[in-house]
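First chain A sits with chain B, and in the next complex the same chain sits with chain C.
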Partner chain A sequence: MRMDRKKLGTILVVVSVVLILMTVYLAVFFAPLPQTGVKSAGEILSSVEGSKLKVAGFVSAVYSIHFGMLDGPDEVIFSLADFRDYGRYLQANATHSLNQQWWTVRPIDIKSISGGLNSRMGPNLGGVIVVGANLSMDGIVTSNTIAPNSNVTGFSLSSGSGNDITFGSVGSFGLMTAPVAQKIFYFHMPSAWACYLSFGVTLVGSALFLRTRDHKYDRVAYSSAEIGIVFATIAITTGPVWAKQEWGVYWRWDDMKLVTTFVLWLVYIGYLSLRAAISEPSAKARVSAVYGILSFITVPMSFLSSRVAPLLQSSHPQVIATSSGSLSPQAGMTIGIAVVAFTVLFITMLIKRVEIAEAEEELEELKRKIGDEE
Partner chain B sequence: MMSDSWTALYVAYSIVWLGLFSFLGYMYLRQRRIDKDIKMLKEEVSKHGK
Partner chain C sequence: MRAALIIAAKDLKVELRSKEMLSAMFLFSLLIVLAFRFGFSNAVNPGAAGLPELASSALWICFSFAAILGMYTSFAKEKDRETLDGLLLAPVDRSDLYLGKALSNLIVVFFVDLLSIAFFALFFSFDYGGQALAVVALALLGSVTLVLVGTLVAAISVNTRAREVLLPILLIPLIAFSVIVPSVTATKNAMVGGIGDSVQQIESVAAFAAIFAVLGYLTFDFVLEG
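On to the complex of A and B.
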């Protein structure tokens, strides 16, 4: 029986490694680079070029200025922010023609923008640009060149009095500004899926243990939780690598998807810590089963947080999206294979981990026997 | 750091492989150590039995 299980384990390892290698190949060479499908900021600004606009905003932090671009045909709202250590990003939310999608653009040289703002608005405004200060300005959108010796074109709001506000460079704008980095998604999302699946198995194992008091379910529950933490760690470390490219920052504490996933990770770290803290086997299994059931609430919290973006602020992309956000067939196939690969890998790891848990118990039993004899 | 998309992709894929293989390696070593301990204890039990 043990031999059969070993053979099965080896076969599953080979299958999952082959599937993962296949995913790497498909992700890199087969899946197309994502197309924006959404207007770039440059397009939007081009469309309003010459229009009269009112820009209003507030200073959210020192060196950080948020502007809203009101009354435009697309009602776009731009936020400019300098996150100091994290780099800079510009985020835009278009409420009408962009179908309420959040989209982000590559970091732009905010220094030239804020510097331009300061100098163009005059030295007397130095005290105005402080945290919480409200600023607004009327003007006409005009295109210009942002950086000297560069062909990068930006847009300014020209008021006619010399108080121009520069919005940014067209060349840097777009929905997917780091399309290659988007291929991280083919491993990031399946990792997240595998972590949700693992914690689901922990939930089921915990419930079955409480019902039957059979320790085999407890073994499955904590083995699965341990594997779930591995997948969750992969998901929450690969996500920021993508975010840095796409958002300009590694992490955003105001994004509910990120925060709830981090909470999920901490909660399951707590699950393993709790088990480590209790030495009596029955009490350990009982208490952790209750914890394993209660902690599952963090899974739907994490999964749904980006789907209720109007209520909970999140610019995390929705993977299983409808209409405009749907994947191309090639990307869909790649992600499908990746999900299968990670599911097989999870099953492989679970079988192996449960086997180890059984061996550990056998070892403990032997130790007890020897202790009793002595 | 991570000046371009490709670097980010390599870093992320490395994290995935490192994470998965570290865990698989950890499980392998753990299994080996437990098997060794069990074998040793069984030998000890049989010796005491004699």
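On to the complex of A and C.
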């Protein structure tokens, strides 16, 4: 049995190394660069003003789009105004027609929301679009208040008040200033996925431990949490590397995706601190299992960070969309392989970490025996 | 449920006799508000336009820290006086113990919230402008959520070494987006007379209260076992 597991471990190590190298190769040589270019805000806006707006976005598993409606199930009326310049990225606030206090309002009708949506709609109901959906909508852009000289590379729409349509993908003229930096996305998004997966395993392991009191589940739970922190660290450090190039800043506190993921990271650091602060093994397993379950609430908070807490502006999904508004097949294939690679890597690391945990416990046991004999 | 009320009543009776925690928390909230007053003395004049923003943030920092102090004490005291074992031996469901502790914590925490709201008005010459009731209601709602998760985490941390440091480490990230951020926004809106703008925030805090209550009710048993 033990021998078989060792063999499996070796195979997994080889497979994950191959997959990671393949991801690197595809990301560097195969995935196309997004379009690049800088326009002045005035240039973009004059081309936008009065024109029909079509915003399309590809939504992947990690980057959900959320929207809600106030006026009724059939129609959302909002305006596009108050463009704000965030570094080199232009962001527009869309607001609901009743809520006029901040800017001039001339309405846009959203004509269609199409694609493979899986959403619930209705007054005050949020909708969540799941994996692989395409979202597009039409409208007329009518007002803006940005300084026309600032240089921008695209724009996104997001909610002004938290009550309206909220989404954040690059519009049809999304151009990136740092197309090469975008390649980090093929490692950033899969690490975020792997960290959600790890913390999910921690949740399941913790719950199973409390149910069965079998310490093997506890070992899986904390091993997975440790690995999850590694992946979360990769996600929250690769993000800023890209952001500095694209947005001109490393971090944006107004982007909820960033902030909630940071909090997620802190919570699981807390989980490990908790374990370190209890010496008695069964109490350690029991108490940290409860916290391991409680901590998991931060995962959906980060994952769905546009609706769960209601403050929520996130222009984070910008990176998903290339200029055409959806991932090209090559980019899609690269990201697919990257996700598989990181998943296999996670499984490999988990198996290895659990083996180490078993060895550690065995060692403790032996030490105790020696101590008893003396 | 009756057991929960009895436990809460017991806690409050002990508290009213000793007044240990209440007096400490009274001073604590007084000093936090004072610290804000001194810290921001150059940044705001009484009646300044940005005061609602400052007030809502300062109040929620004050509420959170006072609540952490209060919830920590409620278990640490039992542990130190070795009354926790007695409590655990009592023939009541552990889940009722959780609800009872949460209820007594809520009453103490809410009382301190009221004090802080008053201190803030006093030290910052801040006029709640007829919105004091809304601010108080939001403080109550936020405190319910805070106490429901805090009681569970305080019970977790009381098992550990360095428990007084660990409680904030474990609790603050959990309450950041479930309580503090939405409550600060809602309180700010309430102060400028627009509590109606914060329906989502209020719903979110209430939803987290429900989630934490269910989690606490189901898992409290495991925390205090053994």
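One rule holds for everything that comes next: the second predicted complex is superposed on the first by the 222 of 374 C-alpha atoms of A that agree within 3 Å, B and C clash if a C-alpha of one lies under 4 Å from a C-alpha of the other, contacts with A are read in each partner's own complex, and residues count from 1 in each chain.
Please note the rule applied: a residue touches a chain if its C-beta (ideal position, glycine included) is under 8 Å from a C-beta of that chain, and two chains touch if they have at least 3 such contacts.
In this text, all values refer to a predicted model and were calculated from it rather than measured experimentally.
Q: Touching A:273 in the superposition: chain B (first), chain C (second), both, neither?
A: The answer is second: A:273 touches chain C but not chain B.
Q: Report for A:210: first if it touches chain B alone, second if chain C alone, otherwise both or neither.
A: After superposing on A, A:210 lies in contact with chain C but is clear of chain B.
Q: Using the touch definition from the top, say if A:192 reaches chain B (first), chain C (second), both or neither.
A: After superposition on chain A, A:192 lies in contact with neither partner.
Q: With both complexes overlaid on chain A, does A:301 touch chain B (first), chain C (second), both or neither?
A: second
Q: Which parts of chain A are touched by chain B and by chain C alike?
A: none
Q: Looking at the complex, which residues from chain A come into contact with chain B?
A: 13, 20, 24, 178-181, 183-184, 187-188, 191, 227, 230, 233-234, 237-238, 241-242, 244-245, 345, 349, 352-353, 355-356, 359-360, 362-363, 366-367, 369-370, 373
Q: Can you list the chain C residues touching chain A in their complex?
A: Touch residues, chain C against chain A: 149, 152-153, 156-157, 159-163, 166, 169-170, 173-174, 176-178, 181-182, 185, 197, 199-201, 203-204, 208, 211, 215, 219, 222-223, 225-226.
Q: Which residues of chain B touch chain A in the complex?
A: Per the stated touch rule, the residues are 2, 4-6, 8-9, 11-13, 15-16, 19-20, 23-24, 27, 30-31, 34-35, 37-38, 41-42, 44-45, 48.
Q: State the interface residues of chain A toward chain C in the complex, per the touch definition above.
A: Checking each residue of chain A against chain C gives 124, 161-163, 210, 260, 263, 266-267, 270, 273-274, 277-279, 282-283, 286-287, 289-291, 293-295, 297-298, 301, 308-311.
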